[in-house]
Amino acid sequence: MSIIQAILLGVIYWISQNKVWYGFSNMRMPICLAPIIGLIFGDMETALVTGATLQMIYIGSIASGGNHPADEGIAACIAIPMAIQAGISPEVAVSIAVPVGLLGTFIDNIRKTINTGFVHLADKYADEGNAKGVRRAAFLYPLLVSFPLRFLPVFFASIYGPAAVQTFMDAVPGWVTHGLTIAGGILPALGFALTMITIGKTKYIPFFIIGFFIVAYSGLSIIGVSIFGLCIAYLYMTSNKAANKSQAEGGNL
Amino acid sequence: MDQVTKNNQEKITKRDITISWIRWHAYAEVSANFERLQALAFCASMTGILEKLYKKKEDLSRALKKHLTMFNTQANWGSVINGITIALEEKASQETENKEESEELITGIKTGLMGPIAGIGDSLDFGTIRPILMGISIPFALKGSVFAAFVPLVGQILYMAIVGLFMIHKGYSTGKESITSLLSSGKIQQIISGAGVLGMFMMGALSATFISLSTPLVISTEGANPIEIQSMLDGIVPNLLPFAVVFAIYLYLKKTGANYLKVVGIVLAVSLLGAAIGLF
Amino acid sequence: MSIIQAILLGVIYWISQNKVWYGFSNMRMPICLAPIIGLIFGDMETALVTGATLQMIYIGSIASGGNHPADEGIAACIAIPMAIQAGISPEVAVSIAVPVGLLGTFIDNIRKTINTGFVHLADKYADEGNAKGVRRAAFLYPLLVSFPLRFLPVFFASIYGPAAVQTFMDAVPGWVTHGLTIAGGILPALGFALTMITIGKTKYIPFFIIGFFIVAYSGLSIIGVSIFGLCIAYLYMTSNKAANKSQAEGGNL
Amino acid sequence: MDQVTKNNQEKITKRDITISWIRWHAYAEVSANFERLQALAFCASMTGILEKLYKKKEDLSRALKKHLTMFNTQANWGSVINGITIALEEKASQETENKEESEELITGIKTGLMGPIAGIGDSLDFGTIRPILMGISIPFALKGSVFAAFVPLVGQILYMAIVGLFMIHKGYSTGKESITSLLSSGKIQQIISGAGVLGMFMMGALSATFISLSTPLVISTEGANPIEIQSMLDGIVPNLLPFAVVFAIYLYLKKTGANYLKVVGIVLAVSLLGAAIGLF
Amino acid sequence: MSIIQAILLGVIYWISQNKVWYGFSNMRMPICLAPIIGLIFGDMETALVTGATLQMIYIGSIASGGNHPADEGIAACIAIPMAIQAGISPEVAVSIAVPVGLLGTFIDNIRKTINTGFVHLADKYADEGNAKGVRRAAFLYPLLVSFPLRFLPVFFASIYGPAAVQTFMDAVPGWVTHGLTIAGGILPALGFALTMITIGKTKYIPFFIIGFFIVAYSGLSIIGVSIFGLCIAYLYMTSNKAANKSQAEGGNL
Amino acid sequence: MDQVTKNNQEKITKRDITISWIRWHAYAEVSANFERLQALAFCASMTGILEKLYKKKEDLSRALKKHLTMFNTQANWGSVINGITIALEEKASQETENKEESEELITGIKTGLMGPIAGIGDSLDFGTIRPILMGISIPFALKGSVFAAFVPLVGQILYMAIVGLFMIHKGYSTGKESITSLLSSGKIQQIISGAGVLGMFMMGALSATFISLSTPLVISTEGANPIEIQSMLDGIVPNLLPFAVVFAIYLYLKKTGANYLKVVGIVLAVSLLGAAIGLF
């Protein structure tokens, strides 16, 4: 793999995983990175097959509350070039890359820890009434700081090739990757819990429970269950309107 | 003197609002952090507006600080909150009394809406539309269609531009025209409550769908049939462990005041430990 | 087939499809026409088997808002005599008659268009305070006008026999019968939509959606789902009573 | 003079009500039309009553015209509306003031009840009882039982006579004795609302059961697996097309004001066209 | 079987079926009696196997409103010793004992009829302000009176052995045991109905119907359905709070 | 003189309450009877308390009689009613006026809570926990584990001691500290209503689970396929017979005023008869 290809790959990963633009939220997905990587390495077919295969694993990946169960982006940036260059079959490439994706969540956690510093910086700028400073703290600095975090792992993995990745992954004990898989299954809970906290009303928790167990018992899809959710919320709203109103009227006396 | 302040103030244009949206969409995830999540992004996306509204340094400073409090939502549908906030700030900046009251109002509406919209937006954009889109494009991509592989990305960019721009402008116009009547009629409160119910409901649905945890534990006394703990749990209630996990985290966050990073650490530690000792 | 039989058949169809008495609503159903036609043609067994076979197709036929997805009556008046007289097997007779049933809905639409005239006539009578006139416009005239509409097709089909029907149906292109089948599937929607309109309250639409998707997802029968519907409606009513009452009390101040 | 009018007026007897029901059951479907559906039938079934109540030509004329406005319900259970209306007319005819008010009231109750009762009655009589009855009698009829073949018809005639007569007399007595107290307590409103909720709910259930529409469309790009549009739609939400159809018609009717015949035409045209080009 | 064993068995049955302590409610269950009887008769293994086999029949036994669908205790006290002593296989022992369990409900009904007398006695004591008397009427007397009722059948069955039981059961006509099985299926209804009566509010009956048919249609377990029940009750409570409150406020004016 | 009464009165201690609970748990089922079910047990469990509170014979007598009215609940969770009643009695005994009112209140709360708690307690302890516990221990017992065979009994004794003691003390402290505020805020009413809804709902669930009745009847006309009545009923609605039975008994009890023994007799008679003639 040429250095230029490795650099391009690192940059692509940096852009996609940082969601430089909210509409890019899908860019880190293997199926979206696949055609780009296919272009860089000149083998579209292998890229697409590997990307699509990898994508299936992440099709239900959801990152509420800024919380990634796994880093699909790094998995894609490892697996696809590997399949193209080392002639490894897509399935094997995927099986190597998925654990890397689990490790990848650490990068995001480091990033969000560092970013905490920029909030405090912004506090200072705000104190000074320095709007430009606030903007720099919100965009430029985080992007720059995250560059080495995002760029280097992919860059080096590309340079040293599948063998290095394989050696690295072999060094990781089995229980660690298994543990990370478990963590990947649990982490979405953190995002959902955070959203529950921000919704704020304890008295709505029965709705959470209803939503949860309707799905748990019936296996309804999210879209299916959301139809009923919409109706329930609407009815709750309108029935409470009546109550609220009369309360208001009653209270105003 | 009030007069002077007022005259000094520039009008918010459509362009300002669009710029605010562009910033919001660019910053939303870039500065995500464990302490206040999207607070910095929200504040920074408001800077252009606030600079126009508050000509005095101390006013601007005060306004900026106000928007640096904890914020998190789903950025796409959440654009509506930016729109409403712009309208409210515009109105507040013209007031000479009751400043505190309108500041409280702004924060109240922001925090009232951010959660519900996060719940709804995540369900819709990431829980529903994304899997459908990918489910459609994967088989084509497997057959080698480059076009199909580009659909999820390009589709999302366009979709989010349309929704986001619509929502921020809609939020602004709603806020500007009818916020007073909305507030006095309790309608905003009602919308927040309806959205909250839906958001909470969807969080339940997403939790049951996307959290996975089970145990391979087996109890085997000599002689007796081995008993699988997981199938025992399933016999009681399906998805019991995921349910327990999300509630444990919820209660912990609620008690400790959103110590987010710590939870990440605990989850990792427990997962690794559990994996090591064969609990999970 | 004797002319008398053909006349009897035409009259029977005219009576049954005009619901001269609301309690006759089932009379147009093949299973109800079968024994009558069996009597006329003197072959009860074939009549019953053909009628019952044909009935199965229409067992779920519902005509809300005065809207028929298909004309079971004409289908029965074609298929049953055909099976008896031409010795065609019930299944074949049915397969010929069903498309005729689809065409039959046109007759009803013509009838309801013509009837519009009688409403305007009744307007005039009402102006004059002529109650008897109103009654004539409501019963006598529509029945008379519909006579040729109902009688003639069945009469002629009977006279000219299965071959004529077959020739006629062969002349109808396949996409037309297929299209009419589609229309037959859609038309009940019109009746339901009309009833929704007459119920009138937009705010009840969530209940429509809930009812729809409970059935769509669970496959519950109408009776099963109506148990839940009853309970929901009752609870809505009583909970709103409280709210209404307090509103009233609040409002009366 | 009021006295005179009153004395002139004949009393409504049980027999009058039964005759009114007989007329209603005879006319209900016979004069069905695209413009006002069962309006003519309803009015005509009231004629006997109105002739007794209104001795002056102009009063009778006014009353007749009032009942020629759009009406549609399920005629069996709907008999209760006739009963209530008779009671209300009787009361209204004795009033000398507030004539307009009681006319509005009569129309209000009629239109408030007709929809819900249509929904409930169709579900019960045609969506439930009829299929059950036929499901039972078909196997017997197939075996040649003439008796079984007569059950659905004779059963319905008897059933509807019992229900209908009960409902019209019940409606009358309820109306006569307690309509004032019903109205002041808001109970009628409550009954209409409960029935409306149930009717709407049942319309949903019937729609999902009895509307059928699907598409045979298949997308096949070269190389890729062909994708069946219908199974894609089913993957999103079952019965999506029937749902879309009923809502499309509902919205159209709502907007254009019940242009019924036109919808029939459009449905036919679209179905035929769709069938011709292979869309359905 | 020694007399001492028979006495012990009779006493055990007396204690367990009288629920001398509410926490002993499970004691009458075959699986709980099994180890005790195993000890008395010195064959733990057979006792446990027979007890567990018999238990499976009563696993869903529920006695609401003081109403037993069957007497599991007497069944256990007949079947387990029989299996141990007569060397009958557990399955056969169970098949003999289950009908006895059905007959056993008569004993409980006699007891509760007799106990009615003690309530009237307590009325008298209460009149006199005699608290001790009330306590005696509540505990001592019922326990004593029930002793022969509980003790004797089991004692004699034990003394005269399996053959006697078999003879006795053979004398009971088939339709009686079948009828008692039917009654055992119906009797829980009485307990549930009584509880409905004590809940008292007719307007909650829709909730009964909802609970019933959710289970009837979905087959959800009691725990599953109770999750939804809890949420529904909570929502009902809180939504009615609003209404109640405003009513109160409205009403207080 | 009032003063005297008061001074005479002893204080209710924790120990008294615990003793009351012990009595309640011992008596609850022992004196069960067809006339007033657990009334005698409840009254007897209150004797210690009442003796302390009412030093005059006539007062004691009156109090005892008050608690001899029909009572039935699930004794484990029902302990909370004893606790609340103790607190209310303590307060009532100190009052010198409104005696009647507070007596009514006590009876009202007792009868308001007993039904709902019976429903909830039966579902939880006997409908859920017991089958789960037994489901776990049966396979072990079959393999010969004595330990497993003891789990259901020992487990229940401990569980009920913990729950029962907690509930009675909790009931007392809640009653003592906040009954006045609870009552004035309508909260007690709200709790009774919420518990009633849940209890009723659970009764439905238990009924569908635990009542069993079906018919082997078959209709066979000559020639025709035989029709199984049960599968016909199932086609209409599942569990129709159990539903009919529980409602029939409910309505009968409601009408005849809980003539319990008679119902037992009727059920037996009908079952035996039905079995004899082949109806069931």
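Order of writing sets the labels: A, B, C, D, E and F. Residues in every chain begin at 1.
In the analysis below, a residue touches a chain if its C-beta (ideal position, glycine included) is under 8 Å from a C-beta of that chain, and two chains touch if they have at least 3 such contacts.
Values in this document were obtained by computation on a predicted structure and should not be read as measured data.
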item	value
Shared chain contacts [chain C and chain E, defined touch]	A, F
Fewest touching-chain hops separating chain D from chain E	2
Homomeric contact chain B-chain D: same or different residue positions, threshold half	different
For chain A placed onto chain C, the superposition rotation in degrees, Cα atoms, nearest 5	120
Rounded Å distance between chain D and chain F, as computed from the means of their C-alpha atoms	47
Centre distance in Å when chain B and chain E are each reduced to the mean of their C-alpha atoms	54
Rounded Å distance between chain E and chain F, as computed from the means of their C-alpha atoms	14
Separation of chain A from chain E, taking each centre as the mean of its C-alpha atoms, in whole Å	56
Junction residues of chain E, two or more chains touched	207, 209-210, 213, 217, 220-221, 223-224, 227, 230, 234, 236, 239-240, 243-246, 249-250, 253
Shared-contact residues (touching 2 or more other chains) in chain D	132, 135, 139, 144-145, 236-237
Listing of all chain pairs that touch each other, if any do	A-B, A-C, A-D, A-E, B-D, B-E, B-F, C-D, C-E, C-F, D-F, E-F
Footprint of chain F on chain E - complex, ascending	18-27, 29, 31-32, 34-35, 38, 44-45, 48-49, 51-53, 55-56, 59-60, 62-67, 69, 109, 111-116, 118-119, 122-123, 125-129, 131-132, 134-135, 137-139, 142-143, 175-176, 178-183, 185-201, 204-205, 207-217, 220-223, 225-226, 229-230, 232-234, 236-237, 240-241, 244-245, 248
Contacting residues of chain C [partner chain A, same complex]	203, 206-207, 209-210, 213, 217, 236, 239-240, 243-244, 246-247, 249-251, 253
For the chain D and chain A complex, residues of the former touching the latter	236-237
Contacting residues of chain B [partner chain D, same complex]	132, 135-136, 139-140, 143-145, 148
For the chain D and chain C complex, residues of the former touching the latter	23-41, 43-45, 47-48, 50-51, 57-58, 60-61, 64-65, 68, 72-73, 75-76, 111-112, 114-116, 118-119, 122-128, 130-132, 134-135, 137-139, 141-142, 144-146, 149-150, 152-153, 156-161, 164, 186, 189-191, 193-213, 237-239, 242-243, 245-247, 249-250, 253-254, 258, 260-261, 263-264, 267-268, 270-276, 280
